[in-house]
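By written order: A, B, C and D. Residues from 1 in each chain.
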Amino acid sequence: MERLKRKRWLESMVSCRRDIHAHPEPGWMEYRTATLVASRLSALGYTVTTGKRACMPEARMGVPDAETIRTHEERALKDGVDPIWLEQMKGGYTAVVGVLGGAKPGPVIALRFDMDCVEVGESDAADHLPRQLRFASERPGLMHACGHDGHTAIGLGAAELIAERAGELAGEVRLLFQPAEEGCRGAKSMVEAGWLDGVNYLLCGHIGVKSSTLGEIVASVEGFLSTTKIDAVFRGKAAHAGESPHLGSNALLAACAAALHLHGIGRHGDGATRVNVGMLEGGSGRNVVPAEARMKLELRGETEALCEYMVRETGRILEAAAALYGVSCQWETVGSGMGGEGDRSLIPLIEAECSRMEAVGSFVASMPIGASEDATWMLRRVQEQGGRGVYMLFGSPLAAGHHQTSFDFDERVLGTAAELLVRLVFACPGWPEESDTGPAGGKE
Amino acid sequence: MERLKRKRWLESMVSCRRDIHAHPEPGWMEYRTATLVASRLSALGYTVTTGKRACMPEARMGVPDAETIRTHEERALKDGVDPIWLEQMKGGYTAVVGVLGGAKPGPVIALRFDMDCVEVGESDAADHLPRQLRFASERPGLMHACGHDGHTAIGLGAAELIAERAGELAGEVRLLFQPAEEGCRGAKSMVEAGWLDGVNYLLCGHIGVKSSTLGEIVASVEGFLSTTKIDAVFRGKAAHAGESPHLGSNALLAACAAALHLHGIGRHGDGATRVNVGMLEGGSGRNVVPAEARMKLELRGETEALCEYMVRETGRILEAAAALYGVSCQWETVGSGMGGEGDRSLIPLIEAECSRMEAVGSFVASMPIGASEDATWMLRRVQEQGGRGVYMLFGSPLAAGHHQTSFDFDERVLGTAAELLVRLVFACPGWPEESDTGPAGGKE
Amino acid sequence: MERLKRKRWLESMVSCRRDIHAHPEPGWMEYRTATLVASRLSALGYTVTTGKRACMPEARMGVPDAETIRTHEERALKDGVDPIWLEQMKGGYTAVVGVLGGAKPGPVIALRFDMDCVEVGESDAADHLPRQLRFASERPGLMHACGHDGHTAIGLGAAELIAERAGELAGEVRLLFQPAEEGCRGAKSMVEAGWLDGVNYLLCGHIGVKSSTLGEIVASVEGFLSTTKIDAVFRGKAAHAGESPHLGSNALLAACAAALHLHGIGRHGDGATRVNVGMLEGGSGRNVVPAEARMKLELRGETEALCEYMVRETGRILEAAAALYGVSCQWETVGSGMGGEGDRSLIPLIEAECSRMEAVGSFVASMPIGASEDATWMLRRVQEQGGRGVYMLFGSPLAAGHHQTSFDFDERVLGTAAELLVRLVFACPGWPEESDTGPAGGKE
Amino acid sequence: MERLKRKRWLESMVSCRRDIHAHPEPGWMEYRTATLVASRLSALGYTVTTGKRACMPEARMGVPDAETIRTHEERALKDGVDPIWLEQMKGGYTAVVGVLGGAKPGPVIALRFDMDCVEVGESDAADHLPRQLRFASERPGLMHACGHDGHTAIGLGAAELIAERAGELAGEVRLLFQPAEEGCRGAKSMVEAGWLDGVNYLLCGHIGVKSSTLGEIVASVEGFLSTTKIDAVFRGKAAHAGESPHLGSNALLAACAAALHLHGIGRHGDGATRVNVGMLEGGSGRNVVPAEARMKLELRGETEALCEYMVRETGRILEAAAALYGVSCQWETVGSGMGGEGDRSLIPLIEAECSRMEAVGSFVASMPIGASEDATWMLRRVQEQGGRGVYMLFGSPLAAGHHQTSFDFDERVLGTAAELLVRLVFACPGWPEESDTGPAGGKE
């Protein structure tokens, strides 16, 4: 790529990222972002699918209530979003898939990018770069504090280069722009819609996390914790706390008891588990027996079996805690991710490409992680069918940790990540010639 | 009563009390005491009923297990208890009723005395009087620390004087010697056996409690708390706490949670309630997930409705606490007493008799009490049928509070109490002449 | 009072009530209401005191933060409130006192009215009368759902009639318009400012509560529960709940433990107590160890000693619960009321006046109440100095219970209450002639 | 070894094991067992040390109270224990060390055996072999249910063979017979007394555990959990639960709260932890506010740092739980074991010897274990000084798991284990010739 063109390409990714950063959208309501992606991919020649065919309705998790969704749809229209795209995505179906078929047979390669923001208000500190450069979030309480604005920009940057080299392409490239990664809510719906079926190679990645040096690439993250996210609501009966406390049923105390007993779920002899009641609120007035309380919690396990153990214990405890106070409890799974590992057999391939890139200064084969990601749903489906995948880290210093109000990354990571992905697309060993263990549906 | 005879009578009560004190017997196993009572009453001319006809089997509460009962029966035989009486009482039917019919029609008057000891080891302090005078408990871990030895002696002393004046007697006198008052376990079984049916006057009483002056008589105690005593056992599954804690189900934690949540039962707007988990134990070894835990608790309420509220809450909490830890919980009511008040209309009668007694130095019409007693079952049955009753206090200084290892009373209270009861028996207004509101079955 | 004039007087109270109802103001920020009161009283000839001399700064409780107060001050200016009055009240000093001296010596009579609203949003149901008649709250989340709009209107209505009869007046009348009754926050500051010193008669009252019949007057409410309101905040340390939960200190679990253990404070043998953690919230994200939690709670006792027992237990439990999780806890008293009884010796006087009033259809001498009120601070001060007081109920049917979104009363109660108060002012036995046990400072 | 002699040797181990099995002794009170060991070692020519020089007094943990110790000393005298040995061991100093010096320089080799029983009553089931063969425990509530009777017999069997080959011996053999392994209480005191100083090779082992096949040898167990055992007592104030619950301070509820919150200690991101409140009891009577409660608990961690984290959390929670109820809590460490691994470099040596033994049918190089052992104190000391050690498993089928009432092993394991140990003593590479990394004090 000639220098000037590359400069323009890099600048376009930066400006794309800043545009998205200024207009953050929470999970399942990324109407503006998804429309941007869909129209850009279309223009580049990709066959674009969005709406219910991109993400299976029943497999979506943690979908906001209809009222909230409608509000965001109206907001999107005011933002000038093309009503034709919006119509397809309406109701919270904001996944976008762009497919580009190669000229000759070859492997199916999927790249995954997430698009949603975090519900955190952006810092207005004077030294916060997005503030200085005037691309800070224009929406109070919402912010791209995790880096998905960058991921989307990388995805579109890569899409452009791949499209340019369409003629060289063998097999098929699928660009998966996923909604609602926060809370592990969106990936499964794209898996269930079939987009990972037949995939030979899956490439995922994240800016930063445990890789804080610009120019560092971690080829494969290991040890994702299997996770389940649960929302629970306890409902009892209000009463005047002075005159007739016995007429009430205390939903708040039930929630408090649940929180304590959930954190007391016994250790498991087979490996690590986690529980966190991250948010709890209840009660309507100081002198009223609380009639309602809500909590958001998450469970994790080193393996899926361990996570399931935590979920089983949790179900029993939530019901029992409600029974302690004679109230009801309803809960639902609002997100989940699986455990899993990248395929180490892909590491040499990545290392080889990195070694050819000027921008990559340091290479790490693999790194353990104590967190969860719903890309694991995709990885699992690919691996079950005989394909392979990795979850990479794209190194960047961070102004503050992920999900914090002053989060920011070094935008130079965008070009590095996009370039690496494009290189890998064209470097993946051509199936079926070089492999005979690919997935059944992988051949065209 | 001539002086010498009275002296002998007083001495016989003292020696009877000391004999019983030295041989304390826990509830439902008062074989030696009950046999003593039964044979003495027989000798005095009373018609004696004991065994299952004296206390209805199904209405007994908190009966010890068969093994324990058998051990006490064997012990009683070794004590030299007459096997003929024992045969009748075997299996934990130690109530004794003595009936003496009058020469002419008149009211039915019942006197109630309790016989069981407390499971407390007696003090071996040098200044403990029963130790000094060599009548301290000969049975480790058992002691008459509540005064029921005195009550039984009073009952037999009164029986003697009443028998002497049998010719003057109108109506009928029923002497009810009740087992298992501790824990409120025995009275109901005598009620259900019918011994309170037709009773016009019920006289009950207790040495000491809130009356600590020798020579004081409290005519009527008010405000008994309704109470229910419950035993619960939690059963889970043991497991090695280091290798495989997840294979266990922790019964001890369930019991701990139950204890805390029971003490958190909400206040009731209608009046006072109480809860006390008095004893709890569980676990078999430091490194074993506890598979069993047991607790003894009691509930009280200013009214029966309030006590029932506590029982309802308790049942739900015990089950829910078990569910919290995936264990089972079984519980049973092992004792209960009702609320209630003595009949104030009897106070003048008692005051009049007291005023004629040299030994009575101070008279108190009524006194509130915050405790529970199962004599309330008897009082309730009598009142429901139109009869009247009181629960008196017989004043005595106490060496230490009830149920404490150094408990002792002033034996001079025995004569005072017995004399008052005899006087009342002969002073009770003769029904049916003076009343037309008596119970249906009260007439002979 | 001639008929037409009375009609106009009644209408002015109704319109005053509706005006206040449409413009509800929370405690310590009743700028518009207090200014209305102050200027009306001035116009009627009362000597008016407001600001810091009307309510002692340090004795105020539960004062909102400076930012909130400032916002309400700006809002009041926009409402057109006279800046001269506002300047006096600025910073949350919204008490207003109006004093009218009599022509001759006599008793000091204080009348107390409260002015603040509740933080409840008003119902927009079609059949909600204030909605139909277009005087519903114009401020979202704020509503006169307790009846203080009516109380203020009654106070101004009474002020007018008393002023008209100023010539007949002996002694002194003090009209106390109190801020921040909700949460028991305001009365003490007026007491500490001295306004109850020297008062011979204190007349307080409330629309509705336990008197739901129009035309009923309850002369004296008995058995206020002593109460203390507490706000607590727990502060710990956030951490990623998956990777490094051990780096966090869980403030939410500390709050939950505190809530449960507070509700487990043992019953007291001396009388009724209450505890209610009415609101609790904590945590910032599902996957973050919660670094902060807040709770609002209240304690009550049949007597002040019982309430103090609850406060002592609470302090210890809050600290211990924080220590359980290695977090800190800060708490403060944000409101309090005392126990207490009205003076029964005033009941005949009230009954006599009621019997002369056409509007009063039923008279109740006294009625028990299970609630708390900070008028008890005033009553206590008056009684300590030898004065007497009552807390009356002015009967009215209610559209919904107090503090509910559909609360409303029958406006005919305004005239009845105001007339009764005025009658009592002129009927109070003239001190010092008829009594020699009045308070030291009561004489002019 | 000729066949007949071997037969006699095997029989003597079996009869020794059965004798000890019939006379189980709990930790620090193994007077009969230790005397048996001491006199046998003496007779075989070992220099024997026992009493305070064998186990440092202050480093002993979980020592029973003086009264209990005295009772067992009297019992031992009645058993016919030689008073001269007893005199040395009196007060709970029952460690025994036998040292045999070689004819020439060489390594110091320590073998460790534990002697104490478990507080479990032995099964009286008809098919329980010790019952059938009449060597079941003669002491109610005490039983060798862990296999230490076998360990002691193995130690004495090995001692005999080593003594026979004393002439071949280079360096020094130290036989360490340790008291109080149960609860991890005894090993540290022998370490602190210096017996592991200068040791080049330490050989420990256990019958069964995770090796349940006769003839199997596991050369080295890995992954002991670091552990701390704690006893806690809560002391409050008793009160009548009906009349005056507020006068009490509830020690039982404090203990229950502690138990729940201890089990809620947060997971640690660095590795596995464990907590178990294995036993808890409290309260004196159903109607008495419990004034005392006791608990036995244990903590574990994959590393010592993790175990220390658990201990720190526990200390804070015990104090805070006491503070919740206004009671006191005292706790003490009554046992502890370290984490650690055997030296893998010794595995080939063990494998080589096993391959020469007819009785060894299967060899396992190493095996993970989720349990704790205080032999780790010894292993650690040896390793810190440059020595090496292993903890082996001697395979045997078990009639029931360790610590269960029907526990029993196949006595044929005794000969196999003893033979292997003797072989290893003579096979250990002769230091200093073959190694230059031995501990400073290891040379004679």
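In this text, a residue touches a chain if its C-beta (ideal position, glycine included) is under 8 Å from a C-beta of that chain, and two chains touch if they have at least 3 such contacts.
Listed by chain with UniProt protein names: A, B, C, D = Amidohydrolase.
It should be emphasised that the depicted structure is a prediction, and the values quoted were computed from it without experimental measurement.
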Sorted by label, the chains bordering both chain B (Amidohydrolase) and chain C (Amidohydrolase) are A, D
Top of the farthest list for chain B (Amidohydrolase), CA-centroid basis, is A
Comparing which residue numbers chain C (Amidohydrolase) and chain D (Amidohydrolase) contribute to their contact, where sharing over half means same and under half means different, the two sides are same
Round to the nearest whole Å and give the separation of the Cα centres of chain A (Amidohydrolase) and chain D (Amidohydrolase). 52
Using Cα averages as centroids, what's the distance between chain C (Amidohydrolase) and chain D (Amidohydrolase) in whole Å? 70
Quick check: what residues of chain D (Amidohydrolase) touch more than one other chain, meaning two or more? 243-245, 250, 253, 257, 260-261, 263-264, 266-267, 269, 274, 289, 370
Which part of chain A (Amidohydrolase) faces chain C (Amidohydrolase) closely enough to touch in the complex? 183, 225, 227, 229, 240-245, 250, 252-253, 255-257, 259-260, 263, 274, 276-290, 293, 296-298, 300, 369-372, 403
In the complex, go through chain C (Amidohydrolase) and note every residue touching chain B (Amidohydrolase). 260-261, 263-264, 266-267, 269, 271-275, 370
Residue numbers of chain A (Amidohydrolase) touching chain B (Amidohydrolase) in their complex, please. 243-248, 250, 253, 257, 261, 264, 266-270, 289, 309, 313, 316-317, 319-321, 323-324, 326
